[in-house]
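Below are structures written as structure tokens.
Below, chain A partners chain B and then partners chain C, in two separate complexes.
On to the complex of A and B.
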């Protein structure tokens, strides 16, 4: 699972959960791969990101130094910044571990890079 | 062939063996890709812009490959573990999630620029467990899908409806969740090529896109009066008749000659007083 997906995921489908965001990450295994850099897409996706959640996620996977603290202005033209965000969003991949709901503490296991978001009948 | 929905729930029906088919059967692959291309066309995404899309029931990522080709980034959700394993094997670029659409889409609001789904929606109409209530699950699905789409985004869901009731149920629940739109039927006169696309729009009511293969489809039997038919057979009109004069004037006008304008006196007999 990439951190971009994590930034969009929430556990609000659980019963009695209102926000369910951001999910905290427990990493057991992760890899860093190389993905083609697409500055246009990164510039388009940045306004949609929750920056604080991304910071927290980067912290949890132990890659804290990769990202500046605050979102800079005029990021569209700053290629260096876009490359950093690209690396964090698309190149860091969590293979095994789990996601934890901030409200209920329910954990969603990640196996082979695929988070299991299936709920039990009594949780819907 | 009986419908696969009757055989077993999706997470059991799409076992390893069935999932294999989706990588080896070139016919299945071709059809899936064609349908996905059409679905993306119906999404009406802004041109030459990479978008962030959601693929519901992504399976082995066949439809995802089409999205990749067009330069989009996607996230896929499917309920079958085996299908997702095949997708990982194929090394698709999109991220995959194991999830049940009927339990809602687990994303925060306004995430995606569009959503596609190829041959998955009909599975939601079945109750595979005693706790499943199709209407409730459909509503949950559509309302959470509505929430996770950005403004003016569309969702295009290709599906195989069993009957008109099912189609009505789906559209009704989608409208209840706040969507606008309806079903676009491509090639309605062909049994094989006929495809149903549920086109859902979030940003106000707009005209549905035009379906393919409807150009030649007439709604009834065309009728030409007996007189006209006889005229067509004969070809030219009767000499010295009004029609003949009008035709001749038209012909000469086309040749660029000076011709008097048509009026109600054109081709009329002189009265006896002359």
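On to the complex of A and C.
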């Protein structure tokens, strides 16, 4: 699971959970891979992101120093910034660990890079 | 453009649906829609029930690295098979083991594809073993389909497009009415009669 995906997941699917976002990440195994960098593409993704959730994720996987606290202006033209976002979004992968619901503490395991978001009948 | 069929190898994934006519009809539909889809420039694409992962991987032949690919399956082995097929085809796919799109935040997907379990069966068939979830559709073959349709408004982005595989026996007119009530247009864009099944691809958007 890439940090991009973390940005798109919530535990609102659990009954009695209001927001369920962002999930916190517990890492057991993480890898870094190389993905081709396309600045225009990253610039298209950035407006769709929840910046605070990304910051939190980056912090939880121990890479905090790489991103500014707030989304910068004119990021489209800042290649350095786009490269950093590219790296955290697409190149960091959680192979094993879990995602934890911020409201209930329910944990969703990640195995072989695949988060398991299946719920039991009494949780929906 | 002729879309190549992605490479796959399911010998280590015995509970995963082998691509067959329904899979290939959806692949043909994507090929037919190739130019339209390129203009749409979807940013987030999701295949629900990706099974072998052949369809979501083939999307990367259309959009290359200009789209983000996601897949879900309720069967954990299908999730692994999808990752394997993606990597055989050098495609980056993010996979979630979940029921339909449960876990994703609302309104993000610009492109959505689903080849659901559509065969008319007893309701219980679906729950007996993992492979049955690939075909057992319960009453009128519509049990998973109807659950999916109810979720459509929250899965699709404003400009989102969905391609759904259906069987004649699923009652196309009724499916069309159901999505109409949810505020969507629908259109059959491809159909094929094979032995014992009459298959359709429905395109759904706002």
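Here is the rule we go by: the second predicted complex is superposed on the first by the 124 of 124 C-alpha atoms of A that agree within 3 Å, B and C clash if a C-alpha of one lies under 4 Å from a C-alpha of the other, contacts with A are read in each partner's own complex, and residues count from 1 in each chain.
Going forward, a contact is a pair of C-beta atoms (placed from the backbone, for glycine too) under 8 Å apart; a residue touches a chain by one contact, two chains touch by 3 or more.
Because the structure is a prediction, the values reported are computed rather than measured.
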Is A:121 in contact with chain B, with chain C, with both, or with neither (first, second, both, neither)?
first
Tell me which partner A:83 touches in the superposition: chain B (first), chain C (second), both or neither.
neither
Tell me the contact category for A:21 with respect to chain B and chain C: first, second, both or neither.
both
Which parts of chain A are touched by chain B and by chain C alike?
1-2, 4-5, 8-13, 21, 35, 38, 41, 44-45, 48, 112-119
Quick check on the complex: what are the chain A residues that touch chain B?
1-2, 4-5, 8-13, 21, 35, 38, 40-41, 44-45, 48, 50, 112-119, 121, 124
Residues of chain C touching chain A in their complex?
43-44, 65-66, 68, 70, 74, 76, 79-80, 83, 92, 94-99, 102-105, 108
Chain A residues touching chain C in their complex are 1-2, 4-5, 8-13, 21, 35-36, 38, 41, 44-45, 48, 90, 108, 112-119
Listed in rising order, chain B residues that touch chain A in their complex are 49-52, 71, 73, 75, 77, 79, 81, 84-85, 88, 93, 95-100, 103-108, 110-111, 129, 131, 140, 144, 148, 150
